[in-house]
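One chain, subunit A, links the two complexes that follow: it is found with subunit B in the first and with subunit C in the second.
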Partner chain A sequence: MLSFNMSEEQTITRDTVARLVKDLIIDTAHEMDEAGNIPEEYIQAAWELGASIAAIPEAYGGYDMDYSPMMNAIILEELAYGDMAFAVAATLPSMFIFPVYEMGTEEQKKKYLPLFCKEAYTPCTCAINEPGFGFDPHKLKTKAVKKNGSYILNGEKCFVPLAKESSHFLIAASCDGENSFFIADAENAGINIKKPERNLGLYSLKTYEVALDNCEIPAKNRLVGNSDCNYDKIIQKSAIAMSAIGTGVSRASYEYARDYAKERIQFGEPIAHKQSIAFMIAEMAYEVEAMRLMTWKAASMLENGKDCQRDSFLARLYAGEMSMKVTDHGIQVLGGHGFIREHPVERYYRNARGVAILHGMAIV
Partner chain B sequence: MKIIVTTKRVTDPDIKVTVNSDGTGIDLQDMTYKMNPFDEIAVEEAVRIKENSGGEVILLSIGPAGFQTEIRAGLAMGADRAIQVEHDDYVEPSVAARIFKKVIERESPDIVLMGKQAVDDDAGQTGQTLAFLLGWPQACFASEISINKNSAVVRREVDKGIETLEVSLPAVITADLRLNEPRYPSLPMIMKSKKKKIDTLSFSELAADIEPRVRYLSMENPMEREGSCVLFEAVDDLINALQTKAGAIR
Partner chain C sequence: MINLELSEDLKQYQEDMKVFAETVFRPISRKYDEAEHEYPQELEDLRGMKHFDRKKKSEKPADKSEPTSGKANMRGVISSEEIAWGDPSFLISIPNAGLGNVALVTSGSDEQFEKYGDKWLAMAITEPNAGSDSKAMNTTAKLDGDDWVLNGEKIFVSCADRCDAVVVMATTDKSAGKEGIRSFIVDKNSPGFTLEKLEKKMGLRGSDTGTFSMTDCRIPKDNVLGGFEKTNKNKGFKGTMQTFDTSRPMVAAMAIGVARAALDYTREVMAENSIIPDYKKGSINISSIEKDFFLMEANLEAARLLSWKAAWMADNKKPNSTEASMAKAKAGRQGVLITQKCCELLGPMGLSTKHLAEKWLRDVRVMDIFEGTGQIQHLIVARNILELSSTQLK
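Then we have the complex of A and B:
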């Protein structure tokens, strides 16, 4: 029997995150975007919800709860409804914590998880994206070569969130034709963090290009993975997270445009009464629903231990395309007002463009 | 310190309500519900008092059977257990106060903390009525509470400034907006709330007088606002307009 009803705890979690976003983010997101910065106390407030460390055992500093990709998808949608850059920044340590926990050896978990699984938000990041046409996270150009008990990494990474602010990185690289993550210390020689990137969207999230020049990483820092989790699985989880984020940004644009259209009077009636506007709003509404359903389907398969390779990528592909369409409609409904920066629809539009392009920014 | 906090399930304050077609109430189709925001503040205050000086926080709510998410949200904030008096229909403030009185007599708390009003009907009467029925002191619209051994000192914002009251315990205290900022319960707290107990009671078990004192005749949408805002350069222009155009003064 299928049910789309949320459980009581999912409802309370969604409402809690929605309250946090309403209290702290909705009215300040534009200012944060302009300033290119998110106040630490906002990030800390979201961190204290505990989603990033919920499923990590107490021995490593977590809360020892059941792992729930569904819950994580619900949380990410609500955070992204407030602001996509905030959603990515507030949950970024998960991109380090989850792979280390799921793919790491006991020694790696003991050494690295307690550094980040604690009450204070401590930035750490993950470098997956690479510059160049047609990037595919399964075809990494960054290479790791084994040499005298170490791996030597060479390559270019881009869109690495908070690289300069992070003490540790996970670096995705190909080694003998197999994709892996390597744990790197920011102090590691051969990691060259360049100037912050100037992006189309996500102004308040600092991202960097990172060059790896003969970066030597001890062999024991490679995440080898296991039968339950490997590099591909992490990419799937990240794909579901991006579709949850795309759903949140799109819903924000849809709701803003819908309310605007009901209140904006032109030719003696609300513009929502005009068929061309009403059709756009209806399209936005059903695309948001469709994105969410695809996200939840993939997340629920993951939660039930099923292979979600196909469904996670379908969800991400759909969310990538449709968040562009929905946020574009958001601007169109507002007309000229949508083009100026006084309304948030232009920010949703710029940010949503990243859903289709950016990999490894979040994880469920 | 044993504290009872009353919590009400209200229509989502962020949703614009409209009157239903037959004028008997508001349109509840697609409605979502939340815990009354003032009650959330009361829960937060009770949990803080417990964290500082120990004790127990019990939530008390009247609401439809099977709908406990809003109560569970209060448990996730740190309350210990809850009592739900099951009832499907609207309950007016005087009936709510009489029901609460019966439960409070069973539980004998030191403090009853309530929201100063519920954001659905905005009546703001239950706290005061309850204190009267119990014969307890009341301190309404609290913006700061400090607890002594046998009394509570309550600061309340009134027109003239801040008024400070000391009430002996047990007492009824109602929470104003500025009392605190309710916490965001963490995921572990939300999960733990699943195991906390919610006892249910019925109206008949409590043998309370539930006869309503108020009859609701009809409900209608407020009139559409007309006109627009006009800014005047000088006070004389404003007075002139009030005399000649609006006819408001002579």
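Then we have the complex of A and C:
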């Protein structure tokens, strides 16, 4: 039945995540951004909420709960409201765990899921993005060629979060024109992790370029997919996740600008009393709402077992466009102060640029 | 539990309305665009339909535990979008379903509902000097014995020629500001009540819009909507403002319906020319036309979901004036932008009257204006979210 109301369970979960974000992240996100690091205990605290492994069966170390992309979208918005880099880092193992769970063989699941489905946050990552002009996750330039019971991978990956810290990778590569994922051990020869990237945003998330030079991976490590889940579906889920993250970042900028406008006095009254400011804030408010509803619509379809190629694509497109617009307004409302790093709106703006560009950073 | 997919019954309703709009309204769309002011006789078939129903106020159960989550508002936005997709002029010209009928249903007494329920009621709010600032209205109503005597002028009255009676807003006490404002049911044949002219409009030509003058216009004392004594101060004006909470999502849906008509047509023409939207393409690999198309689809869907949310809240008895204005602000603007972009993409086909696109552009333009301009919607949203009064945020 059509409903815009959260269930009790959804409300409780949202509130729990919101509390964690308020207690740990809101006041420290700036320091983390400056330091280029997120303290492990924050990541661990988020991990202990259990969302990333909730839907994984107990046999593999999970909690055997119903899989709910809607719940995941709600959680990601809250985490990203605190900090986008934190949202990606805290849920990153899902980007390995979910594809393996949904597309993997029984043997692959038994072998890999228990390594990460446990109480201690254990980094593993996913390499989809590729450097250079014209990247499209459906047209991967990284190639896998089958040879003597193995796949030989060659190509360049970028924005691979926590590559150096991770013991295992999921690598997206094209094999005979078909996109697939390959499970790789960090020890595997031919995986060349370069020095940390320096990006426009997400300073506190360590990301790396990874070169694959004749990287030989056993054939049994390919995720073959099945009729329910394949490469495209993982890309859809990651698009919905990024829309949820874009919503969270935008909401943070909106709320900060809204509160600032009520306190900032110019011409003898709060700037919120001026239509030119107030209308910008109104627009921010309804675009955040619209982004959220687009995300929820796509997540609803996924949850209801419908094909969501179109809706996930549109949600992501919308979130990409509107998170730039909203965070841009956020800076404009603060004027010159919006350009100063002590106010978070400049970080929101830099981070939001990734919403339309990055793939495979999170999953619902 | 959040679920933004329509339930089966609403989907069926949507489908039925689409078929209706496609078979009944679309074929006569151009005809009445060209025959401005001529009453579309085809609409007569709709007169007998029961558009509004309500329990007698005296019959209302005291027990508030009865389920309140109806679907009237969701059905309203769905039918609004589908019918406007067929033709928006006819949507605002359905016999016995005028804006005055909405006011009667929400604010009328049992006796008034009995008497006027099966009549066609227009609504007269706007005056030459009172547009967005509707409380500045100058039409006066004075009690004289058993009559109200009305004086003033009302413009932009939809269905002015076609209706049976008009719900006229007037001030009973100018010094009391908006608290002095009441609504009056005025029969068309009331003495001193004159339809002065019908406007010639850019679009929505299938629906007539007129000016009424009232010169010592006398109506029965009982024709004040909801009763004079019973209406607390503020209720008259505020009551009308509250009907906006249900009407704005519907007007939003109307804009969405017209824009969708343009977008559907553009999609067809693109397909005939082998341009098929591919929702897997990366932004780097799409043409300018495809990018425009995707953005229009996304904005349309965003506006639609905002209107659904506002309507759903009304159905579930949640205060929704912020959401109703958000939906109207977004949909009104996007309706215009999308339709004009479609005309651009269609090229000569978007200009020629051989096709309906140019008509849709003329029709949709007013949807960012009536039922509160986009600027008024922003003002309402901003005041609500910033918690500012109308004197703080003017």
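Basically, the second predicted complex is superposed on the first by the 363 of 364 C-alpha atoms of A that agree within 3 Å, B and C clash if a C-alpha of one lies under 4 Å from a C-alpha of the other, contacts with A are read in each partner's own complex, and residues count from 1 in each chain.
The rule we apply is simple: contacts are C-beta pairs under 8 Å (C-beta built on N, C-alpha and C of every residue); 3 or more make two chains touch, one makes a residue touch a chain.
Quick caveat, the model's predicted, so the values are computed rather than measured.
When the shared chain is aligned, no partner comes close enough to touch A:Met95: not subunit B, not subunit C.
In the superposition on chain A, contact of A:Leu20 is made with subunit B only, not with subunit C. Contacts of A:Ile38 after superposition: neither subunit B nor subunit C is touched.
Of the two partners subunit B and subunit C, more subunit A residues are in touch with C. After overlaying the two complexes on the shared chain, residue contacts for A:Leu205 are found with neither subunit B nor subunit C. Of the two partner chains, subunit C is the only one that A:Lys297 touches; subunit B does not reach it.
Contacts of A:Leu49 after superposition: subunit B is touched, whereas subunit C is not reached. In the superposition on chain A, contact is made by A:Thr11 with subunit B only, not with subunit C.
In the superposition on chain A, no residue of subunit A contacts both subunit B and subunit C. Here subunit A touches subunit C in the complex through residues 1-7, 10, 70, 74, 133-139, 232, 258, 261-262, 272-273, 275, 278-279, 281-283, 285-286, 289-291, 293-294, 296-297, 300-301, 303-304, 306, 309-311, 313-315, 317-318, 321, 356, going by the rule given at the top. Looking at the complex, you find that subunit C touches subunit A at residues 1-7, 10, 74, 279-285, 294-295, 297-299, 301-303, 305-306, 308-309, 312-313, 316, 323, 326, 329-330, 375, 378-379, 381-383, 385-386, 388, 392-394. Residue ranges on subunit B touching subunit A, taken from their complex, read 14, 34, 68-69, 72-73, 76, 181, 184-188, 190-191, 193-194.
Those residues of subunit A whose C-beta lies close enough to touch subunit B in the complex are 8-9, 11-13, 15-17, 19-20, 22-23, 45, 48-51, 54, 63, 65, 71.
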